[in-house]
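In what follows, chain A forms one complex with chain B and a second complex with chain C.
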Partner chain A sequence: MIRRAALRLLSSLVVVWLVLTTTFLIHHALPSDPARAVAGPQARPADVDRIRQRLGLDRSLATQYVAFFRRLVHFGPSQLAPKDPDHGSCSPLGRVHLDLGMSFQKRKPVAKLIAERLPRTALLAVAAVSLQVLVGAAAGILAATRRGKLLDHGVIGLTLLGVSTPTFISGLLLQYWLAYRWKLLPLDGWGRTTAEHAACLVLPALTLGVFGASYYARFVRDEMLVQLQQDYVRTARAKGLQPWRILVLHALRNAVMPLVTVVGMDLGALLGGAIVTEKLFRWPGLGALSVDAVIERDGPVVMGIVLVTTLTVIASNLLVDLLYAAIDPRLRSRQALSSR
Partner chain B sequence: MRSIPRAASLAAAALLCAACSSELAAPIGRRDDSPPARGGTITVASFVGLRSLDPAVAFDEGADPIQRLLFARLVRLSRDGRFEGELAESFETSADGRHLRFRLRPGARFHDGAPVTAADVKRSLERALHKRTPCPAPSFYDRIEGFEAFHSGATHELTGIRIESDSVVRFDLSQPDATFLAVLTLPMAAPVCASGGSSYEPSFSSRPCGAGPFKLRQWDDHEGLTLGRHDGYAEPGRVWLDSVRWLLEVPLTTQRFRFERGDLDLLHDLSVADGAAFRRDPRWRGQGEWTVPRMTKGLFMNSRMAPFDRLEVRRAVAAAIDRDSLARLRGGCVVPADRVIPPGVLGHDPDFPGQRFDPQLALDSMRRAGLPFDPATGLGGWPDTIDYVAPADSFDLQFAEVAQQQLARIGIRLRLKAMAWPAYLARISRAGQARIGAAGWTADFDDPSDFFEPLFASKSIQDEDSQNYAFYSNPELDALLERGRAELDPLRRRAIYRKAEEIVRDEAPWALAYGYRRFEVWQGYVRGYRPHPHAQLDVGFLWLDRRDSRGSARSPAWNGNVLASLLPRRGAP
Partner chain C sequence: MNRSALLRFRRNRPACLGAALVALLTLAALLGPVVVSQDPNTSDFLHGVGDLGPAPPSSLHWLGTDTLFRDLAARLLHGARISLAVAILATALAVGIGTLVGLLAGSTWGTRFRFLDELLMRIVDAGLSFPYLLLVMAVGAALDRSDLTAVIVVLGATGWLGLSRVVRAKTIQIRQLDFVAAARSLGQHPLRIALRHVLPNIAGPIVVTATASVASMILAESVLGYLTVGVQPPTATWGRMLREGQGFFAAEPILVVAPSLAILLAVLGFNLLGEGLRDALDPQSR
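For the complex of A and B:
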């Protein structure tokens, strides 16, 4: 078991290193100049040169690469002095420092920028995925149990619409009707109090939820239809089990297995930021930050967000594996056998 | 049952149509003349975000209007294009143009209550030009004596700024510089409080302190800024508002929704369609106005690459662009332009005969270039297709499509290459990389030299990072521009830049084509506001008359929605 965990950790570290290295190389291969992006499109060349030197972008690619990884996790003082020139961009965890550098554009430590925004993105991601799963699974089950009936067709039609509508359209429509016309919700923003945060969360979560729930509903419906025709369901019916028990305890349990994988991947992706939705509703999360960073060639922020996204995808995959083991007794017994 | 998806699609389409066809709300407040009255908060929004509020480092579209509220400068530009004192009570330039003396207004105070002194002026400019400060444009001030030594870190003092007394400061220049007053109007030259220190410190951006008409009360990255009136401002009695709320990174659609609901008092970032809707609506007549273009756009032709190394080909291109046809695009936001200096910049000469559309002249020029083209058969012209580079998702690309059609009529066939903005910029500023492409320049400061020197002077040509995208070199123009920068006599200076305009018109390194303007609208209770020709969103000195107003700007997140009224509010009784 320990060996398996160690291997998993090692492979995760290799994935992180590979992703970061690839991002670093792609970012530097782009035919544009981060110093120019900082100085402005009309800045004079001499001024751009000075900015380039100040940001350390005049050093060789290899030097910048080594410096990034050397600084990424290092040891330093557990208490930082104000304006410490060597650790000004560090986030200390005791003597271990995480240093993602300073944002070229915002001139703040990247770790701090991400730490401010990650919880907001996580909140949106969890709210959206919860909505997607609850609404999507319920609609999928209903449609599967009423196969060929009006309700089934209705769910299929609506989910087709939901899946086909891009979030920038559905978001705009929801904003127009729910916030502008009917004044039920704030138009956009983040708010200042918990109640305001909750109210501001509804529209972006709903926008992401419409798309995801439609997708999940179709997914669950198809899986349920397959399961409902299996022998064990026929046996359960023959044994006289109540329909809801067959549906929920037997068929649904098997139908959600593939859904867990999809939800895990979606959660990982959403934790990296929902770019369009965050921009549309001025939700101050990682999505808005990442799109700005890419456009403005803000290398340290891009690297920081890629690191966070990679880690969240790895973590969500791990979570999916654990959930699989919890849901599927066959996996538990297989693991027990292999550990003997 | 197949009709259900179709019905759902139709319902959604109807919903969308209903959203699109909605009518504008009426303006809030009465439109009449009322005397200025103190009080009130104005709420405005920007589509762009804010990177920093430190005037030494923030030099962009988002920061500029806010910095003008926070930081008073020695001088500023009046609506009629004259330099007038803001912190300076008076100022004078010596006969040789090398010495400028400023007397500060008595009573001008920083936001922390300290008086503004000559030493603060010197310290602040030294701070901005310090070696460690990532100032994006220190070279604007490179004619101050001792600049190079100070900026390189060789000396600790900028010797060209001299403190004659607490209230008198003198700038000594190494050469006469007619642009110097213009660059002093930029926020980066504005005095900052002693807490700003003598060199750049990143935390100053979160607690900016200057001597402008408003001081910072609150700044949330996600909610925007709140500024409060500064009673120690150099011109007491000019500021009427109690406070200014500035929302950041608000999408255009949301800005319109907010404005119509009364959550915004002034709308600056209007989409083309929304601008047209406001202009059409008679209820909004008198509540909106166009801004004055401060940019020149068109296409550059690389004068070192075929076929644009031939003067007659460049002239043909300049004569083939039908500028008036562009005015039909974008609902009036595009203004045809035929010269380098746009109307919103000092030195614009409305009587100058610029480049003009003349299809016959264009064909004649192609013939003289040895590339005759027959429009009837489509034969002749330049044999190859030429790549035209333009930034993607921009009006430049739409203009490129127009240019592609118009240049095809004289035998120049273009293939459009849309690129991300940074990649486009890197491509056009590298020698030998782009033969023709979109080009534009927005005023950094109000002076013709800000356009001519980077775009057309030989000294701006570099293998990398060239701002002279046409790689155009003309010793006569270079000499003129040198004279223009040093010439202090307005009439002689005007003649110099008129000659420079003639050279660019005739040699056509660019085909000048258009400028871009915005349409701004404001509520009926907003008084004393019109777009400033030399500064965008100049909201510092307007006032509000909310008699009979049924609404006013509210908290940005809450917008008076139903759910909000049911939930507890912080600070609510």
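For the complex of A and C:
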């Protein structure tokens, strides 16, 4: 068991390292100049050079690469003096410091920028995923039980439309009708009070939810149909169990397994920021930040966001595996056997 | 596709609708610019610009013009060309890489070369945890004026990951069947087994995945256009047209509705076609 966990951790670290290195290389292979992006198009060459030196971009590629990883996690004093030149962009966790550097454009520590925006993106992700799981699973189960009937065809048709509509179209329509014409909700933004945050959350969550719920409904329907044809369902029916019991306690429990994987992947991906939806509704989360960072060539921010995204994907994969063991007792016994 | 599969496909009405939509789209992309002879990138200041807004539909401009007085119908049809070209070529690239990687990983699974399988799948994991839009935008920014080739290469190079997993799983499944064991015991070369015995048996799922992938590539291309990092103006792409028209939605809804419908119908067509193919090739899956 310990060996498995250690292997898992090691391979996760390798994935993180691979992703960070790729990002680093791609970002440095880009021809446009970050120092020029900071200085502005009118700046004199001497000023651009000065800024390049200050940002540390005049060093060799290898030096910058090593510096990034040495800085990423290092030791330092647990109490930071204000304006400490050596630890200006650190987030100390006791004596261990986490440092993603300073944003070129926003001149704030990247760790702070991300810490400020991650909760908002997480809020949107959780709202959207809960919406799509609830609505999607309900529609999928209903369609599966009414297979070939009008309701089934209705769900299939509507959900196909749902998965074929990009979020910038469905979002725009929702925004136009719900916010602009009927004035039920704020057009976009984040708001100032908790009530405003909640009101602003509805449209982007709904936009993501429509797409996701359609996808989940189709997925759950297909899985349920497979399960309902299994022998154990026939046995349960022959024993005279109530239909809802067979549906929920027997078939659903088995159909839910593959859904857990998909939900985990979606949650991981959404935690990295739903770029289009966040942009459309001016939701100040990670997705909007990452678009700006790529366009403005803000290297430290790009690296920071990619690190967070990769970690969330890996963490959600891990969570999925743990959930699998919790839902399916067979996996637990298999693990117990293999650890012996 | 054998006769019974063809029959199943033809009896499936949604699948036929999908095939019709795809045929229509292809026709529009191939012949459209011949039918609508307007240039998609030329502003026409001479006709119907009296109120300074976009010109309404007329015999000259069938759908009117956009806010820069360019013919909307011509832009839509040229957008269809871009969309279809990008989606099909990127899918071809993705299917090529994905099949190769999946076949290689699946064929080395459980053999003494299993480290290759392990390595390839870790690369796929890393790729899937990589925010692909970010990658696309980065490469777009790298080429500064991202042209058609850049968009195709980026979408193709990021689109194979999911497919390679499907191919690997199917390969492993097929490899455990008796006829493969027979071929192996006859001393056939692993490469020959992979290409002659495994590949033909997984062609169905590959075709189905590829069709669905065309739909998602059309979506991805329009997202890039919408985020202004796809094919650069003045070239007409549906996503870009949508973004340019977005601010005028209340006043000139056609500027948003037309490209939206185009994207929607194209994606819907390929999705329906893909599902129809799946049901026809693998009847148990319904």
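Here are a few things to note about the model shown:
As a working rule, the second predicted complex is superposed on the first by the 339 of 340 C-alpha atoms of A that agree within 3 Å, B and C clash if a C-alpha of one lies under 4 Å from a C-alpha of the other, contacts with A are read in each partner's own complex, and residues count from 1 in each chain.
As a working rule, a contact is a pair of C-beta atoms (placed from the backbone, for glycine too) under 8 Å apart; a residue touches a chain by one contact, two chains touch by 3 or more.
Not measured: the values here are computed from a predicted model.
Of the two partner chains placed around the shared chain by superposition, chain B is the only one that A:Gly189 touches, whereas chain C remains out of contact. Of the two partner chains, chain B and chain C are each touched by A:Arg297. By the touch criterion defined above, A:Asp33 lies against chain B but remains apart from chain C after alignment on the C-alpha atoms of chain A.
Look at A:Val14: by the touch rule set out above, it reaches chain C but stays clear of chain B. When the two structures are aligned on the shared chain, A:Arg54 is found in touch with chain B, with no touch to chain C. Within the superposed three-chain model, A:Thr309 lies in touch with chain C and out of touch with chain B [touch as defined at top]. In the superposed model, A:Ala179 lies in contact with chain B only, and not with chain C. In the superposition on chain A, contact of A:Ile275 is made with chain C only, not with chain B. Legend: residue contacts after superposition of the two complexes on their common chain; A:Gln227 is shown touching neither chain B nor chain C.
Note on chain A: of its two partners chain C and chain B, the one contacting more of its residues is B. Where the contact sets of chain A with chain B and with chain C meet, they give residues 30-32, 160-161, 165, 169, 172, 176, 180, 279, 295, 297. Residues of chain A that touch chain C in their complex: 11, 14-15, 18-19, 22-23, 26-27, 29-32, 160-161, 163-166, 168-169, 172, 176, 180, 222, 225, 265, 268, 272-273, 275-276, 279, 290-291, 294-295, 297, 302, 305-306, 309-310, 313-314.
Residues 1-2, 4-9, 12, 15-16, 19, 49, 51-52, 57, 59-60, 132, 134-139, 201-202, 205, 220-223, 249-251, 253-254, 257-258, 261, 263, 420-423, 425-427, 441-442, 444, 454, 462, 464-467, 556-564, 567-570 of chain B are the ones touching chain A in the complex. Residues 14, 122-123, 125-126, 128-131, 133-135, 137-139, 141-142, 144, 215, 219, 222-223, 226-227, 229, 239, 242, 246, 249-250, 256, 260, 263-264, 267-268, 271-272, 275, 285-286 of chain C touch chain A in their complex.
Residues of chain A that touch chain B in their complex: 30-33, 36-48, 50-51, 54-55, 83, 105-108, 116, 150, 153-154, 156-158, 160-161, 165, 169, 172-173, 175-177, 179-180, 182-193, 195-196, 198-200, 279-280, 282, 284, 288, 292, 295, 297.
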